[in-house]
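Questions regarding the structure given below will be posed in turn.
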Amino acid sequence: MIQEPRVGVFICHCGHNIAAKVDVKQVADYAKTLPNVIVSHHYVFMCSTVGQELIREEIKKHNLNRVVVAACSPSMHEPTFRTAIESAGLNKYLLEMANIREHCSWAHSDKEAATEKAKDLVRMAVAKASLLEPLEEEEFPVSPTVLVLGGGVAGMRAAIDLAEWGFNVYLVEKNPTLGGRAALTGWLTNNRRGADVVNNLINKIVDNKNIHVFTNAELVEFSGFPGNFKAKIKVNPRFVNEKCILCGECEIECPIEVSNEYQYGLSRRKAIFFPFKAAYPPIYVIDQRVCIKCGECVKACQYGAINLAEQSLTLDLNVGAIVIATGYDPYHPPKGEYAYGLHNNIITLFQLERLLDEDGPTQGKLIIGGAVPKRIAFILCVGSRNTTPSSKNYCSRMCCTSTLINAIKIKEKYPDIDVYVLYQDINTYGNDETLYEQAGEKLVKFIKFEKPPTVDISPEGIVIDVYETTIQEEISIPVDALVLSVGMVPRRDQNELIATTRASCGEDGFIREVHLKLNPVEAPTHGIFLAGAVTGPKNIIESIRAGSAAASKVATLLSEGKVRTEPFTANVNEERCSGCRICVGLCPYKAISLREINDRMVAYVERALCMGCGTCSAACPSGAMQQYGFKDIQIMAQVVAATGGGIK
Amino acid sequence: MSKPVLVIGGGISGIQATIDLAKHGVEVYLVERNPSIGGKMAQLDKTFPTLDCASCILTPKMAEVLRYNNIKLLTYSEVQEVKGNVGDFTVKILRKPRYVDWDKCTGCGTCTERCPVKVPDEYNVKLGQRKAIYIEYPQAVPRKALIDYSHCLRLNPPPDLKEKAKGKPLCGACEKVCPTKAIDYNQQPEIIELNVAAIILATGLELYDASNIPEYGYGKYQNVYTNLEFERIVSSTGPTNGNIIRRSDGKPPKRIAWIQCVGSRDVRFNHYCSAFCCMAATKQAILAKELLPEVDTTIYYMDMRAFGKGFYEFYKRAMTEFGVKYVRGKVVKITERQDNKNLLLFYEDTIHSYMKKDEFDMVVLSVAVRPNRITAAPVKTDKGGFIQIMDPYMDTVTSTTEGIFVIGGAAEARDIPDSVTMASSAAIKASTIAKKCVVEQTIITSGERA
Amino acid sequence: MNNRPKVAFYWCASCGGCEEAVVDLAEKIIDVVSLVDIVFWPVAMDYKLSDVEALPDNSITVSFINGGIRLSEHEKVVRLLRQKSKLVVAYGACACWGGIPGLANQYSREEILERVYLTTPTTANPEKIMPPQDGYAKLGDVKIEVPTFLPELKPLDEVIDVDYYIPGCPPTPEVTWNAINVLLSGKLPDKGTVIGASNRSLCDECPLNKTKPENVLIKEFKRVVNYSPRADTCLLAQGLPCLGPVTRGGCGALCVKANMPCTGCFGPLENIHDYGGKALSFLASILDYENEEEIKREISKLPDVSGLIYKYTLPKSLLKNLLRSVRK
Amino acid sequence: MKATPYISFKDINREIIELGGKGIFKCYQCGACTATCAIAEGMFISFRRVIKYSQLGLVDKLRRDLVPWLCNVHGDCIEACPRNANPCEILASLRRYQSVLYDWTGISRWWYFSTLKKKLLAIIILSGISILGLLSLFSTSIMNYLSMNIFVNLPNLLPIGLLIVLLSISLLVSNGYRMYKFVGGGKEYTVRFFDALKRVLSFWIKSENEAMKIPDKRIRILEHMFILAGIIMYIFLVLLYLIYPIIYSLNPYNYVLMIGRYIAAIMLVVGAGLPFVKRVSKSQKIHWYYKLFRHSTDWVGLGFVFAIGLTGLLMNIFNDLHIYSLTYVVYVIHIGIVFPFLILEVPFGKHNHWLYKTIANYVSARRGLIRGEILE
Amino acid sequence: MSTNNYEPRIVVFACNWCSYAAIDLAGTSRKLYPPNVRVIRVMCSGRVDPQFVLEAFKNGADGVIVAGCRPPSDCHYINGNIKALRRFTLFKRLLEELGIEKERFRLEWISAAEADKWVRVVNEMLEELRRLGPLKAEAVSV
């Protein structure tokens, strides 16, 4: 039975955060009056070593067997305080937190009401704490393999670091080639090219045998728990095998021509195609969405590399962790926004990068609408900073830097082109400020706007009207070509990803990480890690760095070879269970089955599979099924304390 | 046992790298110049854009550093010399004398009360005071006292008192009162030699000296502060325990101004942009508004750089919800009015194109940041003193010497989220090297557990 | 007077079924009668209340009281019996949780009287004669004491202190027999336990339990009135709202054996706080639909949800102070 | 209002850069130059904005803007600019570009964009013409005067001289009138005429006094003062000589005038000579102001003044030493310098800023751009 | 419009992954809302047993909110929220029959990013509860 509860209450000021709106002393004194409470303290930073030391001492001094900490949200520091009381010899689940910061001091302005609420929250926590029982985590062996979803720079970097550390890595990429968006990026800082960066990473991947690359593949099912996830990968058919030596004969014969998404629609490609020079695996691929299976390519291929009957195959992997590095989509301006789509000299920044890249459709020559423009303008913040109705409410971080890189590149190649950059704030942060200086030296003209410029198409070309705020004049700039510096938006197919991996998205639509600073590369669900632009706009260097960081976090999870799961699983009181089987059908993880105990069929919970949602215990008609840590009596006690009923 | 990794610098990035390495099962030495780890972040009150309190993020990580027994903490020590190459670096570390036996010291602080000598304290950027024997700040890790040799009457008595005392040792108040007899006046500096597999440089940033720009009158005019000083003033654990008062008359200001790019984006001082001061100023403006609701806050900027996750909404919220005013124009000169010690800011309001002079009770300079110090490690640094990265597009953290990684502010001015990410990416690379060294040869280690 | 233990029976707002249940013991009643001395059994013997008043306190070994407390007279008698008897047993669903009459607590007293005496189709009461509520009726000039109609029906333990409960509507002979043996066995279980029945739910002893499919999920709620269930598979699995899983076992699944879904007359198991709440929870959980419209459509097929889940236990519901009978 | 038509031809940028404004693209519009400038402190003007016009090549804005002419070349903005764009030089280049814009004849354009050699060639030609003209017209009389060793006014020099002066001034005034029109003179006037004059004068005196307090600025102002005073006295003396020559021999005036002549000449020599020497010398001690980029027109402008001053001085010396032959030789050279000065320099070269600066100040004063609080 | 200083008490059952995170977010972004709510954290809205809601009403709560992740795919445990949807749709029918105003109970889907929705729901419910007045059940001591 639960031994006689001796509760210690510790209230945190959190600097100003709580103390400003909650009279912590009054709450501490009130806590002393609550039943089972032996001692109550308040300190300016409970989460600091001093605060934790205070808790440890009080546990030893008054041999407390329950601890209530009234501070910030459990999502912030429940792990911290659990390890603190564990180091004082107390089972780490005999802790209950009262959230008097996010739910109280930060959310209410009236100090007196906030203090009253804080008292209630403490009373609720004490009520539940008194009924808590010691729980043991379950340890499970861990499979030393990692699934990396997304073959962009972040995914590749994560895969390389994980493989070098010693894990077995499955790198799954949806497109037919590795490289992601970075491969299509043209020029970068200190004169590097996106394709070279991708090439270096690909070379590292190719000669590392622990990395198994699956292109044209996607994750369809994902289940299990940290250290033992089951992932089902569907590898779509490529229709071309290793015998292909990239001779290109098949491409010539292929009758189907579609817009080439690897050049952002600037050129066209055939149904059978090779994405770009540095693509890996170096094999042609047939785009099954448009291929009419006419067989011309098969006839054309002397090496017998094409097999139109190839089927997709699925793989079942048992992985320890998953790194999601699925990247982003460039913002696609709707037709008419800045006259996009009404004039073919109006292109996006990504298309311009393809034009300036030697692998691009024009082999690096700036030919827009058939000619080298005499005057070219960039409009920044397209799709970001709420400049247009359909744009997002954040800054996409990298468009300023890449716009200036390309503007400088244009001025270097074509010195007499007039280049205008229409901007709100030039965000070339850190050392990229030198780009802003170089742009100045290269005679790039900057035009600052507050109200977004209007672009209209007139017979003699594109005219941009903008109110230049620093000279307080409405000026109109006739240009031959206009580049919309579009930002980064979450991927269109992100909802499928969320459905399969249970990740969730934040206010800006990108996948939400646990905490921007505490751990920027981990998802709230244990075992799922996020690398690169999937959590928000980043440039290529930052994405690569996030890839390594994710690899490091995976290593912290899997390096011990075993992993402990949260103990909040369901458990059956076999005496009371009537074998009515209601719970079996409700469990989303199929963790409950019936087994025979002295000739009675009784429910049994497989703790390894149970993720601790508690649905079964809410439905169990005879109250036999209870969830550890969230038992009926514990929650009932909280309800009573919450309504002021019971102990006043 | 795998060969250990050395992390130089105990700021947020150094701590994060150390924790990651420890979790990877690698032995780590964390060397920190100051008496306690925590770095600049320990001096911050709140962090943008979530307005979490800085110590709510930092102190649990510092506590975690103490919990792993494969982390050896060497604070108040400096790296003298680094030799060797990847997998086999020999490092000489000078452990400066603390004149307190840290095994006996419990950090109770009774000695600090007795000590007669008052000295401006570095933690509060010389706004507050500390004693000659002191604990750097309440949440310090390790929470131990130490004696500041230069100001201690006993260790280094000023000449006039010295001959008056004619050879008799002076003071010794702390020794009398220390409950665990931890004071040891003749503690000598010791050199520790380590052989490590890899080194992570996390030496971090420091503020550029604003007095190098005389026009702003920092150091001359009383009510001109740097952003770090203002952060201490706003912080509840600061010298004015959280109420914003002017240095000249101790009264709360009615109008506060922030001046951006002081020494940054300026060919005369530092070409680069210091990345986080736009958001730091916005945050401080919001904190000021929270503490003094009717204070008028204005930020003078050239480009409001709100580029990170959640930054732009934070900037918009500051403008709409908290009424922080933003003026585009570079403040060039500050003069002080004699009568009320208020400050006149000379700037051109570029949205209205004429020169203005605004009066403020208090001015905060968002000063540029420079690398903390020239590192002893054999790595190339650029002219600003930042450690250069071999190939930012390959593994983004390796310095020009293989096996030596550089993270956080030591490589480039950057904010906390990027530093923490960079710390983890260095950790995996360092532990990969460390794991490979297991096979090669046994190692000799020393240095005690802090 | 002989020294056999004295037993008393009394019935309050009851349908009389529990009285018959005692008789149902059939031949066993004779053993019982021989063992005990029945001192008060208004339905079967002509004892007067004054006889009971004459008895010394605590002289009755055990009183079996069935039916809920609805009239002031019930209250008076049960208090008397409490005073006079050592053990009081709430016999049957009505005494334990208010039973079917308890459903009236959804309505206030005025609504009930008006319904019964005025608006029911078969009533012709032009002069709107209503039973007096001041406790006295006038017959000519003679005043007769008439019990008043209490505002709500209370289960027995909310009026007097009850030692043991015997569930069932009515309790089956085995249950009664088991209970009597327990009472007479001298080793009395601790106060307040439900005696005579099983401490697991009905499914445990229900023959159709093993015919349940792997996942108990139903596509629609069926009603006995328009669906004749197959006898070979669990009624719940067929869609009938059988409350077996949430009801205490012990009746030998009489209803289910008669192809009728269990309606929960044996009441909740030990640690259930609110029978209706638990019943609703498990019934709704197994409704195999994902969106709200379909769920609403299925639920609309249940004519009377509160009647279904609170058939015997409404007065004991957690909402008992919020029912109209109390709030108006 | 509809966007003003904007003709941005890159040659506008190239031209301004060629005239010395190489910093226009370094500027990132922070406003530091306006903020530090004492003039901007006294007037509602922005130097930053006009630099932006030049960067964007807004010719019509440049033509209309009078801000470059209000700059008194204190040079504070050079230290304040975070991008070392040297706003002071940019404004100098804009003044040159604007004088090209104001000039209807096109000679300014040639004058500003030709090389120093071409300019000197033009000057030599003109002075040659003037000398030959002088000798041929008055050859006989000069010989006589030489023989009669008396310094006598050449009788019919006056009409030609006056004619040339009139020509030069009319050219200058015509361009000045065009500037007045471009700048929108007469429009948006809020301050009455006399108030405007009072404001301009008091503002100038106040700002110059302010500048005088700083040693290295004081030298530059004095140098400029010397040149200004020298030229004014020179004009006064010449006019006096042409109109009422006798005065030169009337006692006691002749002594006063003699001293006046010397002072004027010395002032011109010193005023123009010193900066000329400083700019040429390589030594480090020289204040950075003299190290700034100087367009060929500046050298020529200074050269003229210096030469006029020097020849004027020598003429007087020789005259007073009664070495009349040398006096006349120097006199002829003197006229040879004054003639191209009047024809080229005054209307088209650097010295047109006398008129343009006054117009600019007058118009801005009339428009109330001078701040009130400055005037208390 | 309502009884003078009557302050309705709302008990909220919030699921840890979405609604509790949204309430946290409301705090971090300082979206102020009245302090009448008391939040109880459960791992999933599927854990909320109708008995808890009845207990809350019995003990004097004037309103109860059960908040979960937005179907169809937000739930951290695949379909815990669907079970809650089933239970509390039937529960609303029960409240209706027992004569308890339907505004007193709300089942809301609040994802981790919808701090605004949380504040709106609290304010809306409070306004309705002020109109309805207390639930006339004095708090009964246990």
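For this structure, a couple of remarks:
Labels for the chains are A, B, C, D and E, by order of writing; each one numbers its residues from 1.
In this text, contacts are C-beta pairs under 8 Å (C-beta built on N, C-alpha and C of every residue); 3 or more make two chains touch, one makes a residue touch a chain.
This structure is a prediction, so every number in the text was calculated from the model and none was measured.
Following the contact convention of this document, A is the list of chains adjacent to both subunit B and subunit E. Contact with both subunit A and subunit B is made by D, E.
Chains A-B form the pair joined by the most contacting C-beta pairs.
Among the other chains, the CA centroid farthest from that of subunit B is the one of C.
Ranking every chain by how far its Cα centroid lies from the centroid of subunit A, the top place goes to D.
Every chain gets a centre from its CA atoms, and the centre nearest the mean of all protein CA atoms is that of A. Here the spacing of subunit A and subunit C, counted between their Cα centres, is 57 Å.
Subunit E has its Cα centroid 29 Å from the Cα centroid of subunit A.
In terms of their C-alpha centroids, the spacing between subunit C and subunit E amounts to 34 Å. Shared contact sites, meaning residues of subunit A that touch two or more other chains, fall at 426, 437, 470-472, 507, 586, 615, 618-619, 632, 636. Annotation for subunit C: residues touching 2 or more other chains are 272-273, 278, 281, 285. Looking at subunit B, one finds that residues 50, 52, 265, 267, 350, 353 touch two or more other chains. Pairs of chains meeting the touch criterion: A-B, A-C, A-D, A-E, B-D, B-E, C-E. Contacts from subunit A toward subunit C in the complex involve residues 575-582, 584-586, 600-601, 615, 618-623, 632-633, 636. Taken together, the subunit A residues at the contact with subunit D in this complex read 375, 416, 418, 426, 436-437, 440-448, 465, 468, 470-478.
Within the complex formed with subunit B, the subunit D residues making contact are 28-32, 34-37, 40-41, 44-46, 48-49, 80, 82-84. Against subunit C, the residues of subunit E that register as touching in their complex are 49-51, 53-55, 57-58, 71-72, 79, 82-83, 85-91, 93-94, 97-100, 135-138, 140.
Residues 9, 11, 17-18, 20-21, 23-28, 30-35, 38-44, 46-49, 51-52, 55-56, 58-61, 69, 73-74, 76-80, 83, 87, 111-113, 139-142 of subunit E touch subunit A in their complex.
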